[in-house]
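Labels run A, B, C and D following the written order; every chain starts at residue 1.
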Amino acid sequence: MINVGIIGLGYWGPNLLRNFADAAGARVTVVCDRDAARLAAAAARYPGVAATRDAREVFDDPGVDAVAIATPVSTHFELAMRALAAGKHVLVEKPMAASSAEAQRLIEEAARRRRVLMVDHTFVYTGAVRKIASLVSSGELGDIYYYDSVRVNLGLFQHDVNVIWDLAVHDLSVMDYVLPSRPRAVSATGVSHVAGGHENIAYLTLFFDNNLIAHIHVNWLAPVKIRRTLIGGSQRMIVYDDLEPSEKIKIYDKGITVNSQPDSVYQLLVGYRAGDMWAPQLPATEALKTEVAHFVECVERGTAPLTDGASGLRVVRLVEAASESMAARGRLIELDAPAGARS
Amino acid sequence: MINVGIIGLGYWGPNLLRNFADAAGARVTVVCDRDAARLAAAAARYPGVAATRDAREVFDDPGVDAVAIATPVSTHFELAMRALAAGKHVLVEKPMAASSAEAQRLIEEAARRRRVLMVDHTFVYTGAVRKIASLVSSGELGDIYYYDSVRVNLGLFQHDVNVIWDLAVHDLSVMDYVLPSRPRAVSATGVSHVAGGHENIAYLTLFFDNNLIAHIHVNWLAPVKIRRTLIGGSQRMIVYDDLEPSEKIKIYDKGITVNSQPDSVYQLLVGYRAGDMWAPQLPATEALKTEVAHFVECVERGTAPLTDGASGLRVVRLVEAASESMAARGRLIELDAPAGARS
Amino acid sequence: MINVGIIGLGYWGPNLLRNFADAAGARVTVVCDRDAARLAAAAARYPGVAATRDAREVFDDPGVDAVAIATPVSTHFELAMRALAAGKHVLVEKPMAASSAEAQRLIEEAARRRRVLMVDHTFVYTGAVRKIASLVSSGELGDIYYYDSVRVNLGLFQHDVNVIWDLAVHDLSVMDYVLPSRPRAVSATGVSHVAGGHENIAYLTLFFDNNLIAHIHVNWLAPVKIRRTLIGGSQRMIVYDDLEPSEKIKIYDKGITVNSQPDSVYQLLVGYRAGDMWAPQLPATEALKTEVAHFVECVERGTAPLTDGASGLRVVRLVEAASESMAARGRLIELDAPAGARS
Amino acid sequence: MINVGIIGLGYWGPNLLRNFADAAGARVTVVCDRDAARLAAAAARYPGVAATRDAREVFDDPGVDAVAIATPVSTHFELAMRALAAGKHVLVEKPMAASSAEAQRLIEEAARRRRVLMVDHTFVYTGAVRKIASLVSSGELGDIYYYDSVRVNLGLFQHDVNVIWDLAVHDLSVMDYVLPSRPRAVSATGVSHVAGGHENIAYLTLFFDNNLIAHIHVNWLAPVKIRRTLIGGSQRMIVYDDLEPSEKIKIYDKGITVNSQPDSVYQLLVGYRAGDMWAPQLPATEALKTEVAHFVECVERGTAPLTDGASGLRVVRLVEAASESMAARGRLIELDAPAGARS
């Protein structure tokens, strides 16, 4: 049984609270937020849990084994670092930190302290993304040709970060999990439609080896909500629509066949192959429930989580590089191969 | 009554033939194709029309007033130039020519000969695009913020050109017609998944003044067919789905309101406004019928067509620039302001 | 401030509890359920609320002004009658009672005791149904020609009632609210696919005066969930899809025009009229919140609720008649004009 | 090679003409219509085909082996009877005749003359319906529980028949082909919204043995076009949406499991089973091409067609019975087991 403190009870924190409260193997002992009303609401709902407006009380409490942080991104580094320094295991909301330098220091601190450092890349724990990862790694899709995601809606303009930090992080964390290799370079474009504001629309292209290409379209100013990803493989292709109540994933047995020995370009023969479509039944478990159980297990066993600090760092590096490219209207930013890259 | 010759009876030519045959004010007198079977089929269907495998017979026939050309793009320049030189009016399929230099020379020849030179930018003649243009120019959308188009399907890989020349041309011609200004620069990315082939997937970002941004996603290797454009304005936003049997255009009375005098970024207040959606009834007339009638009228009156050589040239220039950018993985290509640009 | 007791904390009761707890003008003082675990959960969430397994404690408590009942339908009559007899106002879940005789007696008791008796016809309090009612009563649809509803899904087979009692009640209560007249007769068909079970699929036709016809299709054994109603009027027509996240209501400016003086049937000329489609913005307020506020207001002011006992009785009568018709494979059941009928 | 005459060139006849003209093994030698303009159009398109306004010329021509009839239903009997009497094979548009008595006499005449008599139940020849029939007969769906079809749109009000004769015929012919047994009784309701017109909206329930139930909703006055059929089986369920460009058929591995030995109704346990969805690739062949090839083959080999006179008669009998029931507001009409019934 591990004792957990929750810091931050804004939009996402109450979901962490509820899932840790329900998790076997965990117990929430304290919650922390600067807002007294939020604290009161949490205390009323979970009478046995202590409430404080001072995070220090969480870190100083020797009875707290782990801390879950759901605060604005600019505070992630300081809070996570203090938690690790106090010997706590840490689950930190996405994006992991406000810079890759911060993310790197958190990884080092966690390693030194031998503590679990996990990033809340929630989509990685959905049934849909798990299924996609399984289809990719089993080879059923064949070679992966492209990954194309659209994530747009009319919605919350952030004050302190652009739309890449807010929305594209989801896609980057999914790609980090499901794709067989790491991006080599990024080119991004975007614009702000609010004077003095950050970019509210952005387009990212990620280049990989072997002609794999990925693209992300994020937009806070769209008339309709779209959450759709196309994944093209040499054998099969996927449409993943996260707004579908069921059938979120459709697998198309479609593709092309290429005459590999043409005498000339005019003899280049591309054949088209169309087959059945198949929508696998997906488990209905809430992603955060799966994620919290995984965190608890990692803490208990001392194992590395699926979405560890290294994955959090990779995602932050991509966000930084994409933002830099966007500021330079699409200038290509080469990415160093991070330690532990798959290929 | 103008006499028309049709050159090229492959995929698109029969549609031109049918529409010119049915048009008031026009009469098809001759059709031309290298393929005898296609000629025979056309002759059987239109018994009074002459058929030839030699385009020279069309150009040399003094009874032919105008020529419609629907051949591979690499032949557009030569055929159109010979037709103009022979004093014929010309309607040429999109894209206008294989290079902007060729397009420029066609414009000059048509001007010198005082002949109509029109490019078959078919979408400009659809009820949907006409309605969009009217909504933009009337100011109902407010300031235009973005134009985002997705045009993907599993389908015909071209041997001689990349997917931008094939599919993005449609979007570029629509943007040329509906948007209030011209793009200043382009950044494009893409890749080929067929060894020795041209790019089959591409992403184009076009930069305009006033924070207007446009983006086009084209793909020959998608599991599903998508033809959807989002247009964001400061007052209203449009979703244009060309695959909808009716309700192709939906106009959303949605948007944001910005507190224009914030004391600091943290006080930047963005409000969200949601209202009704409206799908105007659109005329069901076939676009090509409207287009052919427009061509006939321009010939008869000696007026400039809506999709004249200059628009054809602008589109070809964008395709060239985008292809150049794509080859350089997103390098920004600045566009010279073409003569006759709107802003 | 009225004090409310909630009886029944199964599927629907917790929603009543939450909405009464949040309502201005009301306070939940006691909850009642036979299941100790449910009581414990409610008590933990609402610490100030008393909890009992014996409904008598609710009825005997002079501090309780009103009772909300969300128990199995077979218990509605007894519990509501005891509450009224104890001088409480009553909100009872749909369907109002297990028979029209029971419903009639509840109406009489409430009248004698001068207490509010309201039936929880939740859909009547949704923004969508309110909008439909407004469009019908304003005459914008013209004469109402038909009302056609499909309400199917895979799901909960009831042990004690057929699918009409469970699902069609929703449609009947909506029709009772929005249609300009009352049905004169009903013909229903259906079948059970579970040995010893009640009908799990049913089709109801309701006949009105003036060639208005209504039809309801309900099914517990469908592969997909559908909640769609078509309403045809002489001027406009509505598609109401309750599963749409936004745009639940679409109004089509379509219809026919009839040459009213044909010389013969072969000269009967029907013209078709197609116009715009319009989806009005609907308020996002939770229906049950609106309903609870309405109940509180009726209690405070002593006014009759929109979904009063009479409407509950009319719906139960239709369910009874439809079930009788279904047992006789579609035999027409004439309906007596109930007291207070609109036409 | 059989020589074919086509009678009737209105809406459907030109499709028959085109498919017979393209069919291997057949040759169109003559077309017939009262309208000179239609004849001229057909003659221009098919120069080698004779054209006449007098059907007698078709019947009297000894070179004509078979006649395809696509005229108003009131003329089917006379034209088909004369064709059979002249020794021609006959393909007649649906519905086969204006009454079951007429249909019966055509069957007898064809038998006496040993000629092929086939009814143009086009849907039976689509890839989608073929697939459904195969899924039913192979047992993959399990026991068939219900067949539910919606076929509504805005349009063409017929002068001489009600909407059942026009639209429900399609569903009845599909059911005749795919269902494992024949209906025992029918109850139908409907109404006309045009003074002096036939019913433009109708609902049919068909009762079968073994708790199989079928329902058809047809409507000429709907704001949207719907063509959707749900088929429920004990093992799997189908959604067939004929308006889907691809994926017309979706097969759901869903259903219920019933505890078959409950001690009481309250112990009746229904379990829910959810699995994958699967959309089989369907052949893209035009249904009428398949149908015409089948007709030619039946003529050449002297075999009975899939949609023979008996199936045409069964459909007409159902239409008659449903119209009779509709006039009596749902009165149950028992159906005699027709000769050759499957069960």
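Keep in mind that, in the parts below, a residue touches a chain if its C-beta (ideal position, glycine included) is under 8 Å from a C-beta of that chain, and two chains touch if they have at least 3 such contacts.
Model, not experiment: these values are computed from the prediction.
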Centroid comparison with chain C (C-alpha atoms), farthest chain: B
Contact-richer chain pair (by C-beta pairs counted) among C-D and A-C: C-D
For chain B paired with chain C, centre-to-centre distance based on mean C-alpha positions, whole Å: 53
Cα-centroid distance, chain C relative to chain D, in whole angstrom: 39
Length of the line joining the C-alpha centres of chain A and chain C, rounded to whole Å: 43
For chain B, residues contacting two or more additional chains: 274
Contact set on chain D toward chain B in their complex: 44-45, 47, 225, 243, 245
Partner chain B, residues of chain C touching it in the complex: 246-247, 253, 274-281
Chain B residues touching chain A - in the complex, by the definition given at the top: 145-146, 148, 150, 152, 154-155, 157, 159-160, 185, 187, 189-197, 201, 203, 205, 207, 211, 213, 215, 217, 219, 221-224, 230, 232, 234, 237-239, 250, 252, 254-256, 258, 260, 262, 265-266, 268, 270, 272, 274, 325, 328-332
